[in-house]
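In structure tokens below, several structures.
Paired with chain B in one complex and with chain C in the other, chain A is shared by the two complexes that follow.
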Partner chain A sequence: MDLRAGDSWGMLACLCTVLWHLPAVPALNRTGDPGPGPSIQKTYDLTRYLEHQLRSLAGTYLNYLGPPFNEPDFNPPRLGAETLPRATVNLEVWRSLNDKLRLTQNYEAYSHLLCYLRGLNRQAATAELRHSLAHFCTSLQGLLGSIAGVMAALGYPLPQPLPGIEPTWAPGPAHSDFLQKMDDFWLLKELQTWLWRSAKDFNRLKKKMQPPAAAVTLHLEAHGF
Partner chain B sequence: MKSTVDDARFPELSFSSNWSPWEEVHAHTPEQNTDLIFPRDKLVEEGSNVTFCYNSGINQNISCYLDRELIHGEQLYLNIFTFKLNNVPFIREGGTNIYCAVNYTIKDGTVLFVSKVLEEPKDFSCETQDFKTLSCSWDPGVDTGLFFDGQPSQHYTLFESFSGKKKFCEHNNQCNWEISRDLQETYNFTLTAENYLRKRSVNTIFNLTHRVHPKAPDSIHFNNVGATNATMTWKMPALGNYSTLLCQIELHDKENMRQEHNVSIKVNGEFLFSELMPDTAYMVCIRCANAKHVWKWSKWVTRTLITAEAAPSKALDVWRKVKPEKGLHHVTLFWKPLSKFHANGKILFYNIVAKDLDKKSELKLQSIPAPANGTELTLDQGSYQIQVTANNSVGASPASEIVISGDSGNEEVEEQKINGTKDGFLISWKPLSEDRAGYVVDWCEHQRNLHCELQWKNVGPNTTSTVISSDAFRPGIRYNFRIYELSTEKIAYLVENKIGYTQELAPSDSPQVKAINVTSHSFTLSWKDYDTEAQRGFIQGYRVCLKSKATQCHLDSVAELLPDNSTCCEHAINNPKQKIFLVENLQPESFYEFFVSSFTSAGKSPIGTFTKVTTQDEHSHMLMHIILPMVLCVLLIAVMCYWKSQWVKEKCYPDIPDPYKSSILSLIKSKESPHLRIMNVKDCTPDTIEVVNKSEGTKTQFIGIEKPLTESEFPKPANLYLLPAQDFCVPGPCISFVNHTYSESACDSGSCAHTPVPDTAPPCHLELLASPDNLLNTLEKTHTDSLGEIPAGKISLNYVSQLASPMSGDKDSLLIHSPVPVLCSEYKMQMAVPSCLDSPVLSENGSLSSMTLLGQDKHYH
Partner chain C sequence: MAAPVPWACCAVLAAAAAVVYTQRHSPQEAPHVQYERLGSDVTLPCGTANWDAAVTWRVNGTDLASDLLNGSQLVLHGLELGHSGLYACFHRDSWHLRHQVLLHVGLPPREPVLSCRSNTYPKGFYCSWHLPTPTYIPNTFNVTVLHGSKIMVCEKDPALKNRCHIRYMHLFSTIKYKVSISVSNALGHNATAITFDEFTIVKPDPPENVVARPVPSNPRRLEVTWQTPSTWPDPESFPLKFFLRYRPLILDQWQHVELSDGTAHTITDAYAGKEYIIQVAAKDNEIGTWSDWSVAAHATPWTEEPRHLTTEAQAPETTTSTTSSLAPLPTTKICDTGELGSGGGPSIPFLISVPVTLALAAAATTTSSLLI
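Right after this comes the complex of A and B.
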């Protein structure tokens, strides 16, 4: 059996996901149900961490692509990146999203982005870049598991995988390397936008899930007697 | 288009056909909004020329860029542009981006992959370590791999022409080739490097036995390790008995290589090292190669060999210091530790044996544990032979002998000064005797230490000079070198004693000076030798610096400017032994300051605090000559007077004998003579005093005082009160006598009393006489009042009275005043007294001073 570095990272990501879900298993959850608040907070924290991690990774990868992709004001047409899930949405629409839809969109977006990212990893030629991408993929896998945990805590079902998209699916070879580079650029950019949006989403959810002060008081009184 | 035949098995058959003729093809015009750049993702070698073609469609205003630089093209048609790039460089593995934009909006782009030129593998060679595998290695040069779909890294193929086998190499710098069991003797390898653009090959042909690179020897052991020899064994792995190996053995000590040996072996090797040093750590290195054809040596293998100890091989270098004290010799032995070369192991202890040469039997044994370098012995003043040996775990060194004779330590040799240099001291001496074993020069290296760190140098018997040098020598430190001659009996005799400095410095301190014999015109400065450590050179003399108010210096001194810009008169003393200096020609009662500095060849000691001296007054000594004898004389006289006072008193003021205490009384009582008795004054009838009335103005003179009275002075009556002691007042009477002769109203002796005394001052009212002043006043008043009762100028009297109290036995008791009035007895008898007793009784003004009498211990009336 040929074990490659990418597979090892995948196994590690699975392990992380399983560990992440362990608190949700009723038989193991002996401390009582603290509600979805802590999970949302952790998801929010993970989102901010991934934002920071991506900033470093994108700098390296865009230099590897070369100019004009590493120029700060570069904004190419999406062309082949139309299949990437878009993070930008109208503000009113975003506000009107319910929790389930908000979480579902996040989950679906990161599921797709993770698949694209793994394809990116296979193209990277330098070991250092491959290592950075693999590390980021693992973290992103953790974020996906974290969102799944929040959804489970809120009683929302996980969205079904889209037909034809396998977990290791990657976009097919573009008709030119230049267009491939543009797709890579948009992948990183969209990922950055999604992380920014997710931070807003989970912050909104976090505030929404905070128990009212009266309920806290009642809870304390119950403990007191 | 062209075709190529390329088969690694038949490289000689490789060839390429010619290019086919050009064919013209008409391309379709792109759709309205479709751009097209061609070729797409082109791969070229570094330095190539590339032409890009761009079909802009309907867009006219296009701009094309290479990475971020605008490139200018040639417009072939309305919508077709060509861009020619010459000598393209390699920029990055990700390729160079070429793209076209309209109004800064990218319409299309392509990636130009520029590959580095594939290099020919360098240093291609093959070798075997075990006759099973040939390991071929090379230097691949640059990696021509490109990212994306540009080009993978070049790959390598190994082809052996004799066997016709080919192998794709997994690594880009080495490849392993299995050796067939029949041990093919000769190999011809072709290594081919290949990428998308180029193929490069190198070839090597060799005999297998010439490419043997043995592995490093292992199982290295040292057996039978002694003090000077040891056996080493080792094995050669994996080569079997296919070839003979040559092994190279090197033996290093800490400093350099000592031995080198070559040994031929098959599989197991053995070598005997000899002539080794005892107790020494050696580094043994071994490597092997094929004996028939040395292709490559194996790696060096290093092991440490430590030889066993042996007994020390050299006698200790021993010296001594002898200090005679109270009939004993305190001997301090010093020795230099043996070098590692001579110690032959770790020195554990030193044995000292002292043998009395006179008695020849007594042995004193001491064992000093290492790492000592000396010990102390106390011996009597006989001759002793001392033997010192160093001992390690194996045995003792040869004994080092030294003899302490009875005269050791008592030698006195005059010190001689020598001049040293920075390189040391050249010391020479004259031999004492013809028969000598050598010389020893010793000195203390660190003089500042309380315990001298004795150093010594052995000099041969035929040498009379040597140079003593040491890194420890410092300028300004006095070193003392003693040269001993060693007799053949190992007795050391002091030959010479030399002192010197490597470099003299100016003294760091000045002598402590005292000013003595200070007179009005001179004083003397005196000082002593001071610490040689502060001298820092041989003192050549002194400078006396004298500050005074005088502006001019004497002829024997020169003005010297001091650091504080004041001046002093400096007197030079060029004799270092002179330690006294007379400063003269000074002004009396003047203030002087002086400072004495010493100087060496390097300069003067620093100026310190000046000492202040004030010369004496010119006449003070005369006063001393007069006053002192006078005081002594007065004291002498006073002592004499006190001593002879009793004698004077007896001569001039003898005690009035008391008849009641006279010795005659006992005589009377013993004889019981009825005719002999003491006359009682009461029984006596007072003498009749003749009173001569004189006319007014006649001078009256007291006999006692012999002082004439003027007419205005009235003679005062001798109205005396004798005050009884307190003891006698009760019940004893207070004795008072009155010369009733003076009273105009004379009364008889039995009834009259106090007649001349006024009523206000009764004679026995002693309260008023409690103090001498009161007494005196009272007496004078009484006296004056009495005078009032006598007509002035009418009476003149010559009389002397004497009283002896019948009860008075204690003379001192008269001084005690009693506040109780007592009865008084009267004295009616008077008698003349010698004239010599008059003067104390009378005061100068002619009054009779009772105070004088009362103030003395004895009463004379």
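Right after this comes the complex of A and C.
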């Protein structure tokens, strides 16, 4: 059977639907709220923490995959893994993203990545790897919640799941071991790049949020939070 | 035999002389350019002359000994750089120039050294290269930059000839960049390539305008300020963090402070009265490596002004206080005058002892000179 790498992502698509129904973080409803500034800072800090955690996790996982995946010069062409959310973006487009879009892209990316990571966990051979992956997934879930909190504080709606995703999980035919490992490699690479990008995204948001604290409070009141 | 007609004879002679003259002084065809490898042997034929033709060789106008000749060919063994020059062979009797060779002695290129760096993230990066050993002859370099399968343009630096610049089109890419360089000259060819991720080559320039100032009425403080490097295009979205190191000149051990933001810091544990050397480095908050250390700033913490002298009785004490304010270095020893003449001792004791002598002499005469 001739399968393209990346079909394993489709297999796990249903799992992602579960994530879209994450309990929304309760909206900030305390008076004297300092605004989204502290939660943006917290989100930024979480991306740094996750990036640090990922470094050791990726090292272990790539060693588990074995050569050539754990070689520093490994530079394969990006084939397959098409449904992976890509961090790469045109410089000018990135600069001019409005806050809502910036946050939405981050939220959607991590939702997908978390879903795929959970799939990875399912297949991991050693208990140690499963433990590390589970720990990372929990932290990543925390990041998602943090982003959701920022979006709620700013009055942006959480993105809805895309239509057309199969609700029932059908285990697809297994494809080659090597292609599966390629998919894993790209997942980890994309995750690392997203964490770097998010740090820059939240830096930008932090700088923009600083002056008009009063305006944000008014915004919260208007939405009845 | 009939006698030659005088005018015909002169005409022929004149024509012959003219021919010889033009052959000697007419504009030469361009010399043949030849590149040869250092240490090798080369045989230079005299153009199309027969092997047994009688010729003289000259290099840069100087005659060459005939023992270097193999027939009409010049043989040079074990070429050295000094062998480079303009070689010319002449017909021995007529001094007619037969052939010229411009010889360049050099080496084929070794593998070039290539490195790339982004000091203007996220605008772009530059790559620079050099040869580890000289070739002594002209080289041409060719750089290609690939991002995945896409070819990117590397624009030549207007000032530096071994550098070119690439602009980032996309940020946060998971695809590596591959930069290849090939170098060639008349004697050979070489090439190398490097591959890297966007994030790993980020290294800002050092912070600029590092200034250290004493803090009035605070003998243990120094205030340090600096500026983000002017080449870093967007410190707002891509903030830098800083690393400060400082030590008194007399010690080798540095103190370090890492600062996550701001371009100022106050040192609060300086040794009183000691001159300090201070440097700062910068790094993007999340990615890449630390910059080189900045140009050093020097400063000495604020010290209280010494009180004025009033009486003659205090003169000897004044001299001792003069020596102590010079802050004797740990390596200093008080030298005896016998060492001063030897010239082999360290210079520092000499500097310490002289003021003592002068101060004592001054005190011995009058005290009025000590009053300010």
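Brief remarks on what is shown
Note that in this section the second predicted complex is superposed on the first by the 168 of 225 C-alpha atoms of A that agree within 3 Å, B and C clash if a C-alpha of one lies under 4 Å from a C-alpha of the other, contacts with A are read in each partner's own complex, and residues count from 1 in each chain.
By our rule, a residue touches a chain if its C-beta (ideal position, glycine included) is under 8 Å from a C-beta of that chain, and two chains touch if they have at least 3 such contacts.
All figures in this text were calculated on a predicted structure; none of them were measured in a lab.
Residue contacts after overlaying the shared chain place A:Gln41 against neither chain B nor chain C.
Legend: residue contacts after superposition of the two complexes on their common chain; A:Lys189 is shown touching chain C, with no touch to chain B. With both structures placed on the common chain, the touch criterion links A:Thr88 to chain C but leaves chain B unconnected. In the superposed pair of complexes, A:Asp177 makes contact with chain B only, with no contact to chain C. With both structures placed on the common chain, the touch criterion links A:Gly66 to chain B but leaves chain C unconnected. Of the two partner chains, chain B and chain C are each touched by A:Pro77.
Of the two partner chains placed by superposition, only chain C is touched by A:Glu51; chain B is not. Of the two partner chains, chain C is the only one touched by A:Asn203; chain B is not.
Taken together, the two complexes place residues 77 of chain A in contact with chain B and also with chain C. Of all residues in chain A, those touching chain B in their complex are 64-69, 71, 76-77, 123-126, 173, 175-182.
Note for the complex: chain A touches chain C at residues 48, 51, 73, 75, 77-78, 86-91, 94-95, 186, 189-190, 193-194, 196-197, 199-200, 203-204, 207.
Residues of chain B touching chain A in their complex: 40-41, 65, 67-68, 91-99, 105-106, 108-111, 113, 145-150.
Residue ranges on chain C touching chain A, taken from their complex, read 122, 148-149, 168-176, 178, 195, 199, 236-239, 285-287.
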